[in-house]
Structure formats: structure tokens, C-alpha cells
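One chain, chain A, appears in both complexes that follow, with chain B as partner in the first and chain C in the second.
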Partner chain A sequence: MSVAEIEAVDIQLEGAPSGLWREAWSRLRRNPVAIIGFCLVAFFVLVAILAPLIARYNPNPAHPDLAQVSPGHAPGPSAAHWLGLDLNGRDEWARLIYGTRFSLLIGFVAASSGLSIGLVLGSIAGYAGGLVDTIIMRCMDIMLAIPGLLLAIGIVAMLGPGLWQIMVAVGITNVPIFARLLRGSVLAQRDQDFVLAARAIGVRRRGILFSHILPNAISPVIVQGTLAMATAIIDVAGLGFLGLGPQDPSTPEWGTMLTQVNQYLQSDPLLAIAPGVAIVLAVLGFNLIGDGLREALDPKLRGRV
Partner chain B sequence: MLRFIVRRLLLLIPILLGLSILVFAWIRALPGSVAQSQLGERATPALIKQINHQYGLDKPLPVQYWDYLKSLVSGNLGTSISSFRPVTYELGHRFPATIELALGAMAFAIALGIPLGFMAAKKYGSWFDQTSLVASLLGISIPIFVLGIILKYIFAVRLHWLPSIGREDILAVRPHPTNFYILDAIINADPGALWDAIKHLILPSIALGSIPLAIVMRITRASVLDVQHEDYVRTARAKGLPPGEVDRRHVLRNALLPISTIIGLQTGLLLSGAVLTETVFDWPGVGSWLTTAIANRDYPVLQGGILFLAIVFVLVNLVVDISYAIINPRIRLS
Partner chain C sequence: MAAEPQRGVRLSGNGDTPSRDGNLVEVERLKVYFPIKSGIVLDRHVGDIKAVDDVSFEIHHGETLGLVGESGCGKSTVGRTLLRLYEPTEGRIVFDGKDISELGAEGMRVLRRRMQMVFQDPFASLNPRHSISRIIGEPLRVHGLAGRRAAGRRAADLLEIVGLPKDAASRYPHEFSGGQRQRIGVARALALNPDFIVLDEPVSALDVSIQAQIINLLEELQKEFSLTYLFIAHDLAVVRHISDRIAVMYLGSIVEISPAAELYANPLHPYTISLLSAVPIPDPEVERARKPLLLAGDIPSPANPPSACRFHTRCPFVQPTRCRDDVPELRRLEPGHQVTCHWAEQIKAGEIKPHEVEVVFVEAESASHGWEPPPV
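So, the complex of A and B:
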């Protein structure tokens, strides 16, 4: 085989130059850890959608089975009630299944609202620079000076406890994290040659920001977004546990289900363990995906499919 | 070096001012007034006016802020509405509890995280390495309060090995000169009290330390992996130093640089986590105090407590930055 032929084979092996996303996707597909993460999240999404079919009981029956419960004591698991009844005589399994809807939804809204506001603020700060940058980033620094959960508690104290209040609170704590991330990312892209080229041919500032800089600066945001979803579920459950969550006791939210844990930990530990395990698995799913995405999108690993 | 420290200290001023404005504005935005929460059903317009006057709430906002700033600088954080004790007095009693808990958690994370991360890096790719990676992901996925509840159930409710709530035996009457119970027991030369304090600290420390443990372990692993292929490590091996010595003096020492920063950055997490841990274990620290303050609408406590924790957080970050610059000359020069 001549040198030319060998080179030709090499070129063929390399194939058509593929984009960052295609490469990242094929790397992700071969990462067993990320696959487990995807399966876990898909499982919870399915449970949330199919809740009425799986739950077997109404999570908020009009006539809860109060005959079986007494203060501080709830009947354990049985054939009729797989995880037993809670202290208010409601089926724990049904509440756990319906709780998936609330916890995923709250986590998603909180993480994505924090992401979108942070995204806008961060990219403006990074692209505009100067005074705008200083003002935005100093405000973010002040927000970051208050530890996350404390900030969220402060916001809930201001808005009052409740479902959408904890979404807002957790969302706001996420804003400075994304703003910082995006700003750094945009700054790194701002002086690249392709931005200079776009500017030279007269693309407008907004056009440069949205169609040239942001698409290139977005991959760390996707990783952080997945991880933020995990922390949002934890924080929301934490606020619920502290009694700041939905005040309507009929809302089956996982963290809120653990609020009165001391009343039943001795008699019926399953009531504490089941929501706990659900939170851990959901969070683990998002963390595994985030970890896999981080590796898949790492530019240092490009070309090593 | 001095210039670096002065610059960082100057940067602190706008942050602290901004923080005080934020907390001040936040307190004013809270629902329900101080007068209402104090008077309850006895509230009459005259009484409300009197209370508002007493707390200076009838003055214009900028004047209120100025008064607030003046009292902050003089170290006066107001008086708790529910316990009628000065906020600084309560902080003096409760903050040591939170520090003790945070130190316990950090000690747990470091003592376990660095050796585990080091072993994982040394056995890179082995089952031990894989297991430790999965375990660390699991570690950051377990909410503190869930782990706390599980630990409490196993070790306190089932096995009766460790106490489930509080800082010391509820029947104990002991002097507490510093409010750091472990230190107090040492000062009083009371081994029984020392063991009692340590026993109470174990479960909350593990619960609060689990996430830092996972992070310290991951960073140690990554950092050791980076360092062990450096030229100076190869040189050390080539000149015939015993492997243990190379690991200790060349690999671990250089790998500790990023680890020390990460440990400092965990403070915010520890302060946040303390709120949940203290609630699970009825630990009489700042965190559980703030949670009850929300329920009682105890504004001075909330205001003082949150501001205090934020300042602690900012100062710890400053110390981390400065100590990092001392350890690593590259930061200082840039």
C-alpha cells in the first residue's frame, strides 16, 4: 500500500467532520452512567404522567381512613396499602406517586426560571461590559454572599409559605450562579475570530450575541442546568421539610411529607424512608445526566469518540 | 502581598453595604408588621402607633436605614421579639453550637475524603475507584435532612447507640464558659461531659458532612491524578525516593492546593445545611433559631441572624482567597 493509499484510508476512517453536538451525543450514548441517569429521569417522568394509573388510590380522599390511625401511630404496609397509611389516613403509595408530579414540576420551574433570568443577565453583562457589567455583577455578588438556602428561606419569609413561593425562591437563588457562568463564557467567546468576522461584515450587536456568541457559550449552561435541576429538587424538598412548602396539607410534595417525621419515625419508619428514597433517586438521576453531559461536552475530549 | 490583601478588603465594603441594604429592604417587605405580631388581637391604632414609634418605624426610610447602619456598626442587632433577649446575646450562645457542628462536619469530610480520594486516584480505573465515584455521586444526591432522618432512625431509634437530639444530656447541669461544649468539657476537665458532647455531635456531623465528603473526595482524586504525572514526581521516583515518601512529600502536598480552596468554599454549604441539620437533630444553633424566628415573625432575629451568617460567609471566603494567595504565588502576581 502506498503512502497515499494509507492516508486515504486514514481520511476515510476519520469520516466527515462532525459537529460538537453530534460528537457529544455519541460520547453520551456510550457512557453507562449517563444512561442510568436518563433511565431514572425517564422513569420518574413516566410515573408523573401515568400517576392516575399507578396510584391505585386517590391521594386526597374525601373520606380518609381515619379509623385505622391514631395520633402518632399509622398502620404499616399491607396488601391493600403497599406503603401503609399516613397519619391522616391517606394511602402513602398514592401520595408518593402523585408527589412525583409536584416535585418534578417545582424543580423544573425553579431551575428553568433561574436559568433564563441568569442567562439574560449574564450575557448582557458579558457582552456589554463596562458599567452595565459592573452593576449587574456586583448585585450578583451580593446575592451570592448569602448562602443559598438562607436566601431561599428569606424570600419565602417575604412571600409567605406556599407552592409557587418556593419555586420563586429556589429560582432566584439560581440566578446569580447562571449569570456568572454565562458572563464568563460570553467573555471567553467575545474576542474570538468568528465574532470579529461577524462584526466586520456588519452583523448587528443583538445578532452577534444571539446567533454567534450564545450558541458557543451554551454548553456549560446545559451541564449546570441539569445539575441545578438536581439541587432545585433538594432545595424545594428542604423548604418543604422546614414547613415552608405548600400550606394546603392535601398537596403531596415529597419534602412536606417528611415535615412531621418525628411523630412517626418510631412507629412507622417507612413513611419517612419512602419519600426520602424517592428524592434521592430523582436527584441522582439528574446528577448522573449532568456528570455524563459534562464529560460529553468537554472540548478537551473532542475527537475521542 | 499587602496590596492584594488591601484590595480584597476594599472590595468587601460595597458587598457589605449592599448586603445591609438588601437585608434592610427585605425586612420592610415582610408581610405583617412588628406591631401586629407583638400586639396580636389587642392591636388598637394608638398602641400600633406607640410600638411603631418605639422601634423608630414612623421615621422616613432613609433615616431608618441610617439608624439601622449606626446600630449595626456599634454591634447592636436589636432585641428578639419572642425571647426579649438581645440578638447578640442569643448569637453568642447559638453561634458556637453552629461552629461546633460545622467543624465536626468538616473534620468528618476531610478525615475520610482525602484518604479515600487519594486511594481512588492511586487505584485509577479499579473497582474501588468506580465504586468511590458512584458513592460520591450518591453522596451529593442525598438531601441532608433525609440522611439525618435515616441516621437518626438507625442509630438512635433502633440501636440506641447515640442520642437523637440536642447537644448534651437534657438532665445535665454543667457550666459553659465558652458555649463550645467540647472545649468547655476540656476546660472543666470533665471526661464524662466530653464524651457526652462528642456523642451528641456524631450523627449531626455525619449528616452535614456527607456532601462536603463527596466533594472533597472527588477533588482529591482529580487533583492527585493531575499531579502524579508531573515531571517533579517522576524525578523524585527516578532518584530513588521510597514510594511512600514521594506520595506524601510530592504528590499529596501539591494536590492539597485545590483541595484547600474547595474546603473553604464549602462554608456556605455548611451554613445552609446547618439550618436543616439543626432542625432534624434539635441542635440549638443559629439555623434552628432562624427557622423558629420565621414562624414567630421575629424580625430582629431574622435580620440579625441572616446578616450575621452572610458576613461570616463573606469573611471566610476572604480568608480562603488570601490564604490561597499565600500558598500559591501565581495568584498573587496576576
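So, the complex of A and C:
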């Protein structure tokens, strides 16, 4: 019997095996704030999916009920129209419900396109280093030097207003944020011993990046991703409010809905409050999830369940 | 490849068993410089950290060569350069008769099956997101020697070999203590059945009680799998226990190589002499009576090392001639005992007595500009 075997008797392991992701998940589940965030987001996602069942009316009826509407005056809530009619005689509730689809879609597409481009640029810059790193990161610095909304307005001005253009614009403003974040993360992981160990074993460069560096560098990006969803929804609403949103007035988008009533805030405040509250709740949901994830993925809390 | 290992039987296709005589590793005039760069947009090359400067040694088949020195003396750099984790600036590294210092990435990748490494920090050297069976099985999978299943089985066997329970395989590194993790690191290094393992301070981060366990494990494994070790450490007691021969490094160069027992009984280089005089002796009377030879000052910066003999700024035996202007070569004084000192014979004969600390002050002043603490 070897020494190793004798000593092995002393070594006991407790509990079920747990990966870092699993641990993070169990921490997240016990965080009430994150649960509220999840519920809010799940609620909006459900609303978006089930819109035709909940809306009760067509958001863009072929024959809007113009008879009840006069300039500066729209009928308030009633049993037939829960949030009243908007200034074009369309059911406000239906537009709000269908608006969820647009706002979530725009936020998701903008944040995820920014995330994926930023991810690629950031990992190339961090892993390759040298001149490549310098070139990529100086470009990102230039983009970061311009305030986000201003950059988005500039891009929309170039592309022309519209739904896709806003998504592209907000996505692009997110790119440097993700690139920077991931580069820093990759740099921190690149010189870790386990990366050196992977090289010593004979793992190829690509394998090192994908199976050793990125999985360890990704958690701050996930957190930033959920927060970017929230800001993307606000940015899109802001661009819509500035009149750079979808030019087709029939598109029910929360920011655009706000713009359309901005002259009638005194007479019909509900038409502005409804999409405003929707924006606030959706953004709050994503922010709460982001904060919860940040805590769950914090390596300092590792082991505490 | 065969997935079921038998203890003491070589598993992977490493060819015929290497003969026990002759050298497995030869290092000739190895230099590793790290460039110091400055500048914001364009990097300018402003100097070099001479981490390893003109180092030559060889490691015989089946032996353990101990490599000792202060932190920052370049001993880890030597170990990592042997595996080409760092690129050599100059010099030759010969592994089993083949010059590997110019080998391309793919050639080196194949050769890594025969040379492995165990790292100092068992907390940093295991990927926290991978399970133990994935960590230990990874070498087999990246070399295409085993599928996922077979690699998992082999991982379980390796766990047993290094003294961990089989059910550790599905767990993650953060669930283990330092000593257990180091066993995992050893298992990973063994996975490919290498001939040669660089042990980079494998016990420095561990408790003293655990150190002995790991050292014993390493010795067992060496016997069983006829391994050749380069054992890097800063602890003379640990090295003495495990090494057949010992090389002492100071500021990027080797100052003395000798069989282990001979080095402790009969140190020839002033640096080794002062190191050994600092080791406490577990006998209060002897301890009180003897006077340790204390080294003054810090290790100079490898970016701007002292001229000629690198130890002359701190050497208690420094002489007015040769030490500062004549680079000493590693020369053989006795069979198997080499030393890098002009005055080794005279020091041994007692003709040169140690000076006091003042020598160090004079030298430190004359070369003071540009000396900084080692940046690495």
C-alpha cells in the first residue's frame, strides 16, 4: 500500500458536488429582489407573447373611433376601453399591450447585438494584445468619448429614422461598453496559472480562449447585458420621444406613444402615464435582475449558499 | 489508447523505455530576457529584464534536479522555458536528444505529452469552472488519446493514484483544500504519462504537514512511473530531501551545481555558504555557538544586474580583483561539483575570510542608479 493510499483514507468530501454556475443559481434563487425582477420581466414577456388574447382590441383598427375624439380631448377610462382612447381614437390598452412586443424586442435586439459585437472585439483585443489591442481599443475610446444618446442620435441621423435604425443605433452605442468590459476581464484571466497550465498540457490557442478564458471572463458581461437591456429600452423610448422612432404612427411603441401626447399632458395625462409606467416597470425588472446576478456571480461570495 | 491503467505500467505510446543513463534534458547557455516597454500608443523597447542569463545544466534520466534560489532569481522562468511556456531569447534546450528551442507550435504541442508541469499555487492553477474529471481528462482529450468517456475513467484512476477518492471526479476545485488541489494538479501532470515533470514550487503554498504528504507522493510516483523531475523551490530543507543533485541560482545564473549531500556538506560558492549558514540547526548549543553569515541588502534588479560576478555586491568574500571585471564561468572543482566563483578554492581552504557588511554599502552606492525591486 502506498503512502498516497494510506493518506487517502483521511480525505472525506461533504455534500453534493456543485459547479460555480449552479451555486450562483442557488444564490440567485434566494435573493428576493432578484425574484421580483424576474417576475416583472416574466410578466412583460408573457404580456408580449399573449398580446392578442389580452388586448381585446386591434391596436390599429381599420376604422378608429374618431367620433368620440376631438383635438385635445380623448375619452377617459370606461368599461369598454380600460385606459380610454388615444387621440386617434384607438384603444390605449391595446396599444400598450402590443407596445410591449416592440419595446422588448427593440431592447433585446439592441442589447444583444451590442453584446455580441462587443464580445468579439473585446476578446480579440484582450487575447491578441499588442497592435490589434491598441487599434480596437482606441476606436472604442473614440466611441465612448461621445455621450451615448448623442451617438445614437447621430447614427439615426445618418441612417434615417425608423425601428431598425434605432435598434442599430442603440446596439452600436453599447458595443464599446461591452468590448471594454470583456477586454479587462480577458486580460485578468489571460495570465492566470490555469491558462498557463492549459498551454503546458497542449491545449490549442482557440481552446484556451473558448474553454478557459471566456467562461471565466463572462460573468460581468452577463450582468452588464441585463442592465443594457434596461438602458436600451430607455434609449429607444428616448429616441422615439425625439421623433426618431418608427415613422409609421401606427406602430405602438412606448416612446412613440409618449411623444404623440406630449402636447396634451394637462388634458389627458393618462395617455402619457400609462406608457411611462410600463417603461419604468420593465426597466426596473431588468435592473433588479442585473443587480441580483451581480451579487450571485460575485466570486467573493463563492461557497456561501 | 488503453483506458485501464495498471500501476507501474507505462500507458501512452511514448515508445521504448528510455535508457537510465545519459541526459534527458540538456540546457546550454539559456538566456530569457523580458523586454521592458514604455510608451502610450507605440511601445518603445527601453531595456530587458534578464530573468535567466546564460544558464547551462543537464538532468539525467530518472533523477531529481533541485533548483533553489531567492524569489525573483529566475528559477521559475527556467522551468517554464524548458516547457517553452516562455520563449528562450538565446541558447539551446535539448530534450531526449532533440533540440526543442526552435520547435514550432504543433511540434511542441506533440512533445508536451512527454513533459509536464505542476504549479506552485494550487488555487490558481485549476480552472474554477471545470470539474475535476474534466481537468484531469483534458490532457488526454486535447491530444486525441481518449474520448470523453475514456478520459473520465482515466481521471478516476488517476485520482486513486494520487490518493483522492473516486467521487472527487464530479466535483469542482473550490471544494478542495490546498493539499487536495495539489494532488489534482499532480494527477493532471501524470495523465499523459510524461517522462519529465517540472515541479514549480509544488509545496511552497501548502501547510508544512501537507508538504510532507505531497513530497512523499511525488517520490512514490517517481519510483513507480520512472519520472525525471526538475524540482524548483526556495526551501533548502525540502530540496535536500527530494533531490539527487541541486543547482543553486542567483539573479538569473547558476552559481553552483552539486550532488545533494555534497552541497550541504561542502558548499563552495559564497552564496550557497551564506544560505546554508542561515538554516537553523535544531541543537540550541550548536545554534548559540555558531555565527551565521548574514547577507546584507536586497537582490539587485535583473534589469540592470551587477557586472562580472553578479553576487559581488553582496558577497562576504568579495576580492578587489576579478570579482567585478571578470565573468566567472561554471567550472568543475570536484567530480560532479561545479561552481561559478573565481576564489572557490581559496575560500574552501580558508585563505579568504568573510568581510563585514561595509563591502556591500560601497558596492550598492557605485551601482545604485537604476536599481529597482524586480518587477516580475
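Rule of thumb we're sticking to: the second predicted complex is superposed on the first by the 289 of 305 C-alpha atoms of A that agree within 3 Å, B and C clash if a C-alpha of one lies under 4 Å from a C-alpha of the other, contacts with A are read in each partner's own complex, and residues count from 1 in each chain.
One rule holds in what follows: a contact is a pair of C-beta atoms (placed from the backbone, for glycine too) under 8 Å apart; a residue touches a chain by one contact, two chains touch by 3 or more.
These figures come from a predicted structure and were not determined experimentally.
By the touch criterion defined above, A:D193 lies against chain C but remains apart from chain B after alignment on the C-alpha atoms of chain A. In the superposition on chain A, A:T134 contacts chain C only, with no contact to chain B. Look at A:R204: by the touch rule set out above, it reaches chain C but stays clear of chain B. By the touch criterion defined above, A:N60 reaches neither chain B nor chain C.
With both structures placed on the common chain, the touch criterion links A:P269 to chain B but leaves chain C unconnected.
Looking at the shared chain after the overlay, A:S116 reaches neither chain B nor chain C. Contacts of A:I279 after superposition on the shared chain: chain B is touched, whereas chain C is not.
With the contact threshold set out at the top, residues 138 of chain A are in contact with chain B in one structure and with chain C in the other. Residue ranges of chain B in contact with chain A, taken from their complex: 14-15, 18-19, 22, 26, 29-31, 134, 137-138, 140-146, 149-150, 152-153, 157, 268-269, 271-273, 275-276, 279, 290-291, 294-295, 302, 306, 309-310, 313-314. On the side of chain A, the complex with chain B involves touching residues 33, 138-139, 141-143, 145-150, 153-154, 156-158, 160, 230, 234, 237-238, 241-244, 258, 261, 265-266, 269, 272-273, 276, 279-280, 283-284, 287-288, 291.
On the side of chain A, the complex with chain C involves touching residues 2-5, 7-8, 11-13, 17-21, 134, 138, 192-194, 196-204, 207, 211-212, 215-216, 302-303. Contacts from chain C toward chain A in the complex involve residues 41, 80, 83, 85, 109-110, 112-113, 116-117, 119-121, 124-131, 138-139, 142-143, 160-165, 167-168, 170-172, 174-175, 180, 185, 188, 192, 213, 216-217, 220, 224.
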